[in-house]
Amino acid sequence: MIIDIHGHITAPDSLYVYKSNILSHRGGHGRGAVGATDEDVRAALNSPVFGGSSHLQQLQEVGTDLQIISPRPYQMMHSEDPRLVGWFIEETNLLIERQFKLYPNTFRGCCGLPQSPGVPIEKALPALEKAIKEQGFVGCLINPDPGEAGGRDTPPLGDRYWYPLYEKLVELDVPGHIHSAGCRSHRLIYSLHFINEESVGVVSLLNSTVFTDFPTLKIIVSHGGGAIPYQWGRFEASSLRRGGQRFSEKLRNLWYDTVLYTKDSLELLFKTVGPERCMFGTERPGVGTVKDPRTGRWMDETRYIIEDIPFLSSADKKMIFEDNAKKVFKLTTAASA
Amino acid sequence: MIIDIHGHITAPDSLYVYKSNILSHRGGHGRGAVGATDEDVRAALNSPVFGGSSHLQQLQEVGTDLQIISPRPYQMMHSEDPRLVGWFIEETNLLIERQFKLYPNTFRGCCGLPQSPGVPIEKALPALEKAIKEQGFVGCLINPDPGEAGGRDTPPLGDRYWYPLYEKLVELDVPGHIHSAGCRSHRLIYSLHFINEESVGVVSLLNSTVFTDFPTLKIIVSHGGGAIPYQWGRFEASSLRRGGQRFSEKLRNLWYDTVLYTKDSLELLFKTVGPERCMFGTERPGVGTVKDPRTGRWMDETRYIIEDIPFLSSADKKMIFEDNAKKVFKLTTAASA
Amino acid sequence: MIIDIHGHITAPDSLYVYKSNILSHRGGHGRGAVGATDEDVRAALNSPVFGGSSHLQQLQEVGTDLQIISPRPYQMMHSEDPRLVGWFIEETNLLIERQFKLYPNTFRGCCGLPQSPGVPIEKALPALEKAIKEQGFVGCLINPDPGEAGGRDTPPLGDRYWYPLYEKLVELDVPGHIHSAGCRSHRLIYSLHFINEESVGVVSLLNSTVFTDFPTLKIIVSHGGGAIPYQWGRFEASSLRRGGQRFSEKLRNLWYDTVLYTKDSLELLFKTVGPERCMFGTERPGVGTVKDPRTGRWMDETRYIIEDIPFLSSADKKMIFEDNAKKVFKLTTAASA
Amino acid sequence: MIIDIHGHITAPDSLYVYKSNILSHRGGHGRGAVGATDEDVRAALNSPVFGGSSHLQQLQEVGTDLQIISPRPYQMMHSEDPRLVGWFIEETNLLIERQFKLYPNTFRGCCGLPQSPGVPIEKALPALEKAIKEQGFVGCLINPDPGEAGGRDTPPLGDRYWYPLYEKLVELDVPGHIHSAGCRSHRLIYSLHFINEESVGVVSLLNSTVFTDFPTLKIIVSHGGGAIPYQWGRFEASSLRRGGQRFSEKLRNLWYDTVLYTKDSLELLFKTVGPERCMFGTERPGVGTVKDPRTGRWMDETRYIIEDIPFLSSADKKMIFEDNAKKVFKLTTAASA
Amino acid sequence: MIIDIHGHITAPDSLYVYKSNILSHRGGHGRGAVGATDEDVRAALNSPVFGGSSHLQQLQEVGTDLQIISPRPYQMMHSEDPRLVGWFIEETNLLIERQFKLYPNTFRGCCGLPQSPGVPIEKALPALEKAIKEQGFVGCLINPDPGEAGGRDTPPLGDRYWYPLYEKLVELDVPGHIHSAGCRSHRLIYSLHFINEESVGVVSLLNSTVFTDFPTLKIIVSHGGGAIPYQWGRFEASSLRRGGQRFSEKLRNLWYDTVLYTKDSLELLFKTVGPERCMFGTERPGVGTVKDPRTGRWMDETRYIIEDIPFLSSADKKMIFEDNAKKVFKLTTAASA
Amino acid sequence: MIIDIHGHITAPDSLYVYKSNILSHRGGHGRGAVGATDEDVRAALNSPVFGGSSHLQQLQEVGTDLQIISPRPYQMMHSEDPRLVGWFIEETNLLIERQFKLYPNTFRGCCGLPQSPGVPIEKALPALEKAIKEQGFVGCLINPDPGEAGGRDTPPLGDRYWYPLYEKLVELDVPGHIHSAGCRSHRLIYSLHFINEESVGVVSLLNSTVFTDFPTLKIIVSHGGGAIPYQWGRFEASSLRRGGQRFSEKLRNLWYDTVLYTKDSLELLFKTVGPERCMFGTERPGVGTVKDPRTGRWMDETRYIIEDIPFLSSADKKMIFEDNAKKVFKLTTAASA
């Protein structure tokens, strides 16, 4: 069974018309609602997106059995007015819920949180609790930089600012998935900001006492851990100098998805953190949904790359494709239900 | 011959006493000078530093024949008052000059630039010109973030802001080495900021027209290119979608040093950008100068790792250890002179 | 013939999906385009909007023969990043152009301008020139507060900041229609900000030398002139104290639309500025497209109110409904073409 | 009996010399005091002001029997240092008290409040309580924008920020009179800022739950309600769309003065909000105290205009001129005392 | 003959009423004018001020023959809106001109300048030129801190920012008198800010090349030179360390007034800078116009203290009381004219 | 016996290397430590400094028996990141402690405090308590402007902000010595900022109720009291006008050191505040450690000047040189122990 833990919603246009509206009237028309029908939700998943086929077709093409979908990150607009953010995240989560309830064999949901720079993380917890307990989500995204590189910084993930969220994740026994959102800086695009924020998140978490304080906390790092599986040597050196646990060992407190697209990088990831800590992810349809003319394959068809890696055993691959995700997200496949 | 292109000055204490002073009197005592004697300069290089042996001994231990030294980056204080920055960088360059003139068989110099956020890069060019033409330096550091993550942003390296520098580098036919300095953000330490800024620099440069506009420009990226040799897939996908040259091909417009410390990462680097674009570097003595109790080796003794990589030919290794550096920095070894 | 000079585009959803996208990727995906087909454009005008009937039906219901359409103001987002504003306004103008070319008997276009706070108004002139000369627009909106009440003020309309625009309007012989856009202040909604900005605009213009310097400039004030036709007495008093032309006479340098919805207010407008300076407008479909249960009529069905005003002659009404608009916008009806 | 509820103090020069002084020494000379004698106070009211006659004569000329006087609003300087504001408002209130005690048949007092942007409104309540209970004032001014359009916003009047004031007004059973003060923006003059702030205040109050929460609260809007009696249609439409009470009905929760100067506007006001909610006001001597050469009358001689309005009954006029004011301000005429 | 070079205007109240007005309407009423009559001007000088007698009487009491009067510094409001500053300074200068023309045997004028922080000093030169050439002033005040300690700094007096003013003073051959104005800081009062700014001014001027570049420039320092005649030792030490002219010699490039009030301090001043560089000044009526109950004398009756200093010769005293002032201000006594 | 109460540490270079390091890594390397040996501490005091001889020799040269040493003020960097300030001040205090324990007959310690602008002074009290109770210090420096003229103001010394410090000083029965640190303004150097801040401190303290509220509080003002002993007349005048205690009497609530360098100024100080309130101080080695070629003497050899002042009795001189210091600092000489 192939579980892709890193997918984002393909939403009806009405979600983005709604967003455009609230950003423009700024509440002047009231909260409103997206108002999509089940038909609209189904149509969105069955209409061509990047690359010519629909979201559902794209999963089939590469043999994905189950995908965990979350908000389209670059749309989350966490740096906007908190009231508008709250409305938009709530509407997005509602649409994701509709999708995984309409397609129970295909989707599970990872909710977005109404985060805001300068606002205590506690404010996001009711939405999390509702998503997990009432709506049936199996995890949440964590944006380590809700200010979206716009000049309003949030403490890094090792800081006590985040402890109320960690407590709640532990209490609910669901994972948090590190994934930043937009990027207001003119120096880099959001897609690279993802990578940099993952590096910042990993280093901050592992140099803090978070996993001592929350030994059962489950944190997933997107995109193969940012720069760290490649750059871990310099942090290993520092940890040797300071004494205590090696950085390379602490790396195994985290989970990593495989959204990397290239064979050498995937191999580096597995060698560095071990298949026990990796979960298959593609972000498909997404940035990698483009055919490479040299290979004739989609760049995000990484399933086949992983299946071909010689140093991974069958058990390793099963962990990557299925077992780890089932364990971390406590998935029970609908088919078996 | 082993050339280490990435070393930083081991300066007499008086350099940092000087820095502490100018930061405190802010010019009230006048410019002043470090006032180190040749004896002080020699003593600094022959006194124990990290790890118990001296800078010169550390080079011998790992068989480095020639090292290119630059300012200790985290000390460059580019975000401070520009007048003070100018003084400090000038003094640092003078000490580096003293070192490579006192040890002509061991050192070459890569100068620092008096950069400041919000100040046109033109202001740094007289110092560059003097360093290359009068002092005998063979390259310069480029800090892509002179604001040191302190809220005053500088345009990214693909922006025309940097063109006067690129013109001057081409005119002088010397390389610029991307290496950020301090980091004022509380979210990450300078050492990780290096990595993030290298990623920002690489993506900005390769998605710009800089190498079309300056085909002979030589830019070196520190620390194995930040995150990019690991994360290039997502940028490749974007380039395929946009058309034009592939990102992976554009990666070969840059040079990379090997300051990575771990075998798998070094291999990934060589596979990704090719040995033709890599230059041996260690930053020794520096962050990696710590013994790994598991191996009994210094983490920055990466020469032996590289020598053992089976897929590199002897010619590849000679390029990495010697030929590329000689070509890029136009080195003529003093011994042969 | 009934000409409604104040209508806003009913656009396909794809326009707002596009807006939501560029606000999220901030240029990271490139400029892109809305990509609506003619079919989409037609569908938007034939689908139910506020009140149950389509835009085209709503015009028919109240007997409007020709409507001048402009961007939906609260969506113009002038306070956002200027690059994004430029893209969005250009796309909006393109859709308006499509509408008036697909329905040449029903629509004419009044373009939006890519204004930005802190940016000289000259930057908006190429878009204006293109709209009038190449695309066939007959006027433009002027947002007197592109900062959208967000803390970045623009000089008032009597200031020389605006002179390049006035020169261009005179040169092109087209009117500028004062209409603000969004409102970032938490103190009031955009709809009231329209009114306040109209008052600010009228007073600033009439207490300046704009109409002395540009005697043929044509400026239309939305929503019946904001507060001024009701509050003109206090400005009249000041003008009497200062000497020179009375404020009430200067009021006749401007044009006013009739977007007011209530009989007493419409009568006050006609009495105060004269039917010679008024043009029929409804903003339909828009804020007034709601049925008043007391009358059973749409609030924006003001045509019938005006037709019933006893003190207006037939010629007055023809001026209001048709002649003034034809003169100011230099309209030649398509039917006669 | 003619009661003019909207007059401002004609103060001895020493009040403004005092103000100029405290703004200059900023407390360095201590609090000080205006130090005007009763003679000075009388002289100020008997010396020519705008238009050649004295304040007292101007009242007589138009037959005003009783005037409620408050601080000269544009002088209140609420955006200045709170300590200085407190002193100045206190001195101004003291002079007003002197005036209504020296002329008990002619004047009543409406006090100013020491408001400051960013300071809780509670800080102004002791001054209010003292003014009503100890000094004999019958109401207070409320400045909805103590930041004086200078970039420091205050929540709008419907916000809970203002609730402590409303509670106190209800407790004391006195009205609050909405009247902004100075205007630091270069875009408009204070006189137009009055109008805009009245519109903002009315819409915010009527779209909030203030009158549900404080059913006996008495709020007077200056200058005939800003733009709203002219522009109410657009707010009516919104209220119809939302359901609940109509905006036009909610308008009757407020009181309005008649400071408008022109016949058509006065008629519009009476038709829109009803004579039951209007109180005669002139601001005389003030902005309207100028003779219109066409009529030979003072613009603020509006008593005669109102007396001539045919659709008002005698009872209506008595309400406007006398009864409403007596009820709202709980006036007992000194003559009857 | 006794010449007091440091007096400030005793203005009619109308000047400060005017100031209060323009600060409140911020130009909304137009520029306006003070409108004082000659009678008002005379009355102001003949009415009791501090201490019970009038300005003119106070001069007589201590035997002052001629006083140079300038604006009351703490009232100059240089940190306010530049347009308002320009109006107020112009009105103040006009009143000073009236005073010295009405009392040609008693007064000469030292004008104020319309300075503003962040505005080039060139903007103040037309007012200076007019004052000297057309109005008959004999010098000007220089405020080294027009930002009035409110967070907007101006370069110190040794900076080239001030060179256009120095050129103009040299060209007109009149002195500039260093005297700051108000103080917005809560840490100190304006009166102490005077002293601190004088110290800053003296040190900046003497450590710059101003007197090399403008050898004939005449600069007077108020209040006996701030702290410097008492604290000069530390600056002398620095000058000895640096070499070049001694600080104590450079002190003699400046002129000093004697506004000190105490015998020991006056003696220190004369000993330190020499009677050749001192000019009698009292600021009377001003801060020192209070009777000391121990001596029964006004504190600003310093004439008698100076006359009693044993180490001053008659010629020294004549220089201090008369000759230096005549030379620096090029005074020709009206009596002799 | 000659006690110099105003000396600053002559530290090993390693203190400033440490400072330079923490300012650069900003905590990234951890807190670290200076790591100087006793030998280094001794060497620093025995190596030539300003003027050619060592700190210890310089004391001998002028016959100083005991010196109270504190941090070198301009190095204290109070405006930097509070965490870094805390580390640096702690290290500096540790080195001072080492000095006075290694040389118990020569030195006593006056500690620095970890002050920060915007941080309550309570945060500095644990360091103070430890220094006095555990380390053996006899007083502390107080920086009235920890923002170092960089735009972040601290309330003046008379404000209740400082009361927790005053309470602690009284409780510990040790004096606080007013001495500012660096100066970030470009308008003046730190050395003059000392003087200005002393003036601000004296005036604020004496015009407050601090000495009424803390009658036993001991506050020493550096550098002879800033400008105040020279400029006290203007404050005396204000106090006479206000009534209450004279300013000149209140001056005697404070203690003053004699760091002035010139005879006339020293005489003025003694005359103004009385020898009962003065303590000998030289800051040697420091700004005054330069030979005056005219006299052949060090400028800070002020002992001889004081000994020669004719109006001081032997008892006066003993108070200045010895008795006052012993009383204020509760010194028991080590020799007698």
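Note that the chains are named A, B, C, D, E and F in the order they appear, and that numbering of residues resets to 1 at the start of each chain.
Keep in mind that, in the parts below, contacts are C-beta pairs under 8 Å (C-beta built on N, C-alpha and C of every residue); 3 or more make two chains touch, one makes a residue touch a chain.
Source: prediction; values computed, not measured.
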| item | value |
| --- | --- |
| Set of chains whose contacts include both subunit C and subunit B | A |
| Distance-maximising chain from subunit D - centres being C-alpha averages | B |
| Proportion of interface numbers common to subunit C and subunit D (over half same, under half different) | same |
| Equivalent-chain rotation between subunit F and subunit D, CA atoms, steps of 5 degrees | 120 |
| Subunit A-subunit D separation of Cα centroids, rounded to whole Å | 57 |
| Where subunit A and subunit B are represented by their mean Cα positions, the distance between them in whole Å | 35 |
| Euclidean distance of C-alpha centroids - subunit C vs subunit F, Å | 69 |
| Multi-partner residues of subunit C (at least 2 other chains) | 189, 191 |
| Topology of the chain contact graph, where touching chains are joined (line, ring, star, complete, other) | ring |
| Sequence of chains encountered when the ring is traversed from subunit D in the direction of subunit E | D, E, F, B, A, C |
| Residues on subunit C engaged by subunit D in the complex (per definition of touch) | 151, 153-156, 185-189, 191-192, 195-196, 199-200, 203-204, 223-224, 226-227, 229-238, 240-241, 260-262, 264-265, 268, 271-272, 287-293, 299-300 |
| Touching residues (chain side subunit B, partner subunit F) in the complex | 13-14, 16-17, 19-21, 23-28, 74-75, 77, 182-184, 189-191 |
